[in-house]
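Structures are listed in the sections that come next.
Common to both upcoming complexes is chain A, partnered first by chain B, then by chain C.
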Partner chain A sequence: MSPADLVRVLVEPFTEPIVQRAAAGVVLLGIVGGLAGCWVVLYGLSYAAESLAHGSLPGMVVAVAAGLPLVVGTSGGLLVAAAAIALVARVPALGRDTAVSIVISTMLGLGALLALAPSTPRGLAALLFGDVLGLSTADLAVGVLVAALLAVLLTVFHGRLLAVGFDRESAARLGVRPGLVELLLLVLLGLALVVVVPALGNLLAAAILIGPAATARLVTRRVPSLLAVAVLLAIGCGLAGLEASYQLSTASGATIAATILVVYLLALGRATLRRRSVPPAGSSGPAVR
Partner chain B sequence: MQWRRRSAAGSRAARSPGSDEALLCEVADLAVGYPGGPIVLEDVSFAVPAGMLVGVLGPNGGGKSTLLRTLLGDLRPRAGRVVTEGRLGFVPQTDRSRLDYPVSARDVALMGSLTGRAWWRPPGRDDRRATADALAKVGLTELADEPFGELSGGQRQRVLIARALVQDARLLLLDEPFAGLDLPGSDRLLRVLDDLSDDGCSALVAVHDVDQARRWDRVLCLNRRQVAFGEPATILTSRVLELTYGGAITLGGHEVDHLAPTASQRVARPGG
Partner chain C sequence: MLGPFLFPFVQRSLAEIVLLSFAAGLLGSWVVLRGLAFFTHAVGHGSFPGLVLAGGLGLPPQLSALVVGLLFAGGLQRLSRARGGAYDVVTALLLIGALAVGVILASDVFHSGSDVETLLFGSLLAIGTQDLVLAGVAGLVALAASAWLGQAWLATGFDHDGARQLGLRSAAPDALLLLLVAVTAIAALTAVGVLLVSALFVVPAATARLLTRSLRALQAGAVLLVAAEGTAGLWLSVRINAPPGATIALVSGVVFGAAAALRAVVPLIVASRPVFRGR
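Up next is the complex of A and B:
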């Protein structure tokens, strides 16, 4: 196959309107997931992000059954899951981790039960694994809105997020209120999930939040470059996954998640090899692979 | 600059009579304890004029951190008065901050500009210049863009001092800054503090090491109460060191009184 043929084969899927729409969706997912994901990873909230994504399943199923937009169901599900975790975590005998896993397995089970009821129209698989190719115009509009909101809020509060993540107590001494900053981050995470969960599904949503950010963490040394690399990686993996799913006729969400994982493993391998061969002082600036 | 009152019993006319130097901190008859607990530090009285470096000496649990936390406003005095002028800059131990966090020395120093900047305002040119100046003052211009976590312990401590300078703090409170530093690192840090004192900054430095304590302008010896305050050459007697570090906490009035040779040196009076 000549290079020109290869390009033609690769470009071909993107001539179809449905794939173009999906590509636009993937770019939005990359921006939202990459931006929010970096702070989620820096604040050690990966587990919370994944749990909240799973916990939104019952809300999504109810929305589908009631004929409401998926975004509405996801937001409702997220709020219920967050409230339930906050409540159960108050039981003194349970640790926070235990509380989270109890709530989340219950919610997942409840969601599956609801989804398997004969009266529920949309298949459980679509909710669990998402449907990048089925994004509506409303979904895309919400995505644009959330991406813009995230970009603005993360820019305005950059200094505060950075200071609290670095050292909570010192940040308070600088006049920053750590509780408010952490609350803001949770709200941003919720916003991001509202966009990411309907597209990538309940089980795979966390992949685009955590994966690109964790990969970017391996190759960058400051937060601005971390954010940029994570967003580019998320978009790149999203588009590559979309392409692969078209060529290989695999599920789009799962293929995107798999691409993200492969890229992370490659970066991890490279970082490990470097650490073994070169002394850390000789490390160069950020590199994108 | 404005005077900030930190205690109910405070008074604005707190300058010592006849002194023409600006005081950055004045503490009188302070007693303090943690909420709901007993009093853990009492009879503390001292004043810090601009440019003075004070070593705060004492055993673990002797009240060094309690004093710093009271000055910072974390703890309310149960009795007595604490007055500070201008902004306080707290310099914590650096092992508490995350060393794997992706920030450069410059990023950390710039955090000082969060103090006194409206939440919606991004750091401006002045903030960046103040950050560069502060890093220059602590001798870290060359390393400004290195990751904070890859600096040595002494360099990290100096970054946090730069952060306090960006805050525009004139009185620095340092919590055991020499812990874990090697000799060159300690010397470098001391020289930085000397330079800052020439610029009119003062510092209260919680320290462990008695030998090093002789290098401060004044030392404040704490052991649940103030044992002594004054010039190290005069007050660091074996008697004071015994009272500071030894088991004896109760002080007899006459035993302490004879250690107070001049009016500028205040010594604890039990029950005062």
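Up next is the complex of A and C:
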């Protein structure tokens, strides 16, 4: 096969309108997931991100059953799950992980109960594993809005997020309130999930938040370049996953998630090998935390 | 009232839940005390591709889930020790990766169809003899391990350095705890599915933790709660024709909520008790 043929085969999927729409969606997911994901990873919120996505299931099922837009159900589910986790985490003697686990198991149980009830339309699998190829114009519009909002919020609060992430105590002394900043980050995470969950599914959504950001962290430590690398990686993995799912005719959301994981594992392997061959530099401490 | 329990297949489900309650309650207590909730959650998810493979290739599902689940747990421990691989990041990505691989296998290789929902949320009403045997063995192993290693788990959980000074090597019992949680969680997959393992291993023990500070009472309470919530959830699911695993998860969550509310209202229950009496 000549290079021209290869290019033609690779470009072919993107001549179809449905794939073009999905590609536009994936670019938006990449921007949203990459931007929010960096702060999620820097603040050690991976479990929260993964679980909050699970927690929106009952809301999504209710939205489908009531004929409401999925975005509405997802937001509702996320709000309830976040509030419940905040509440349970305040119970003394139980850690945050246990609180998250309790809430998520209950929400998933409720979601499955509602979804598998005889009166609910079938389609639990689409909610759990997403449907990138089924994104509507409204979904894309919401994606553009959220991406813009995230970019603005992250620019405005960049300094404060950095200060609290770097050193909670001295940030407090500088007049930044850590509690408020952490709350803001949860709001940002929720905003990102509202866009990502309907596309990639309840169970796979967190991949595009955590994966590209964690991979970027292995390559660079400065926060501005971290954000840039994460967004580019998220878009790149998304498009590559879309391409692979078209060529291999596999499920699109799962293929994107698998691509993200493979890229992360490759980066982790490379980082480990380099560390073995080069003595660790003294300056390689974490930039944030 | 007892109508559902007159069906032989429901009686088998009941037996499965009661047998599982030993492993889930005893090890669940350690999961809660040692903060292993995310690990437990991840191991359940991690064995999903194993179950899909077993369904597609006609392998025994428990064995296949066990092999894949143990590979997953081992990979997780190995990768999270690599520098630059933060534990929560590696866990989250690997478990999502396992789900993604499982979905691709199910939808595009084996065309497993609606079996996927059964694997995700369990099939407690279709329990085989193998499942019962596995649950019984898991319970016995959990009992023996709790009696034999409980002291070491307690010591390392509270004070790593102190435990080392007492001559306890903290690495081996800890690794064994993770291994046991992984193996017994897999015994629970037929009952509650890969997504709801925490409904048996985390929620009841966390509920018991709210109501007592003594280790013995915590473990006994957790075992009883798993059995009671499982029985109640099973009964309800047959009455309202709902999936049993999901119903049990919901019942356990509601009981936890009630216990947390009770504790907030009646703080006397736990106040002024000594911290862990141990053995």
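Descriptive notes on the structure:
The rule we apply is simple: the second predicted complex is superposed on the first by the 277 of 289 C-alpha atoms of A that agree within 3 Å, B and C clash if a C-alpha of one lies under 4 Å from a C-alpha of the other, contacts with A are read in each partner's own complex, and residues count from 1 in each chain.
We adopt the following convention: a residue touches a chain if its C-beta (ideal position, glycine included) is under 8 Å from a C-beta of that chain, and two chains touch if they have at least 3 such contacts.
In this text, all values refer to a predicted model and were calculated from it rather than measured experimentally.
When both complexes are superposed on chain A, chain B and chain C fit side by side without a clash. In the superposed pair of complexes, A:G159 makes contact with chain B only, with no contact to chain C. Judged by the touch definition given at the top, the superposed model places A:L128 against chain C, while chain B stays out of reach.
Of the two partner chains placed by the overlay, only chain C lies in contact with A:L248; chain B stays clear of it. In the overlay built on the shared chain, the residue A:R217 is in contact with chain B and with chain C. Comparing chain B with chain C, more residues of chain A are touched by C.
Put simply, the three-chain overlay gives an angle of 90° at chain A, taking C-alpha centres for chain B and chain C and rounding to the nearest 10. In the superposition on chain A, no contact is made by A:R8 with either chain B or chain C. When the two structures are aligned on the shared chain, A:D167 is found in touch with chain B, with no touch to chain C. With both structures placed on the common chain, the touch criterion links A:A207 to chain C but leaves chain B unconnected.
Figure legend note: chain B and chain C, brought together by superposition on chain A, show a least Cα distance of 9 Å.
Comparing the two complexes, residues 217 of chain A contact chain B in one case and chain C in the other. By the touch criterion stated above, chain A contacts chain B in their complex at residues 42, 155-160, 162-163, 165-167, 169-171, 173-176, 217, 220-223, 226, 280-281.
Within the complex formed with chain C, the residues of chain A that make contact are 41, 44, 46-47, 49-50, 54, 88, 91, 93-95, 97-98, 100-113, 116-118, 124-125, 128-129, 203-204, 206-207, 210-211, 214, 217-218, 248-251, 253-255, 257-258, 260-261, 264-265, 268, 271-272, 275. For chain B in complex with chain A, the touching residues are 72, 90, 92, 96-98, 101-104, 107-108, 110-116, 119-120, 122-123, 147, 150, 160, 167. By the touch criterion stated above, chain C contacts chain A in their complex at residues 32, 35, 37-38, 40-41, 79, 82-86, 88-89, 91-97, 99-101, 103-104, 107-108, 116-117, 120-121, 195-196, 198-199, 202-203, 206, 209-210, 241-243, 245-250, 252-254, 256-257, 260, 263.
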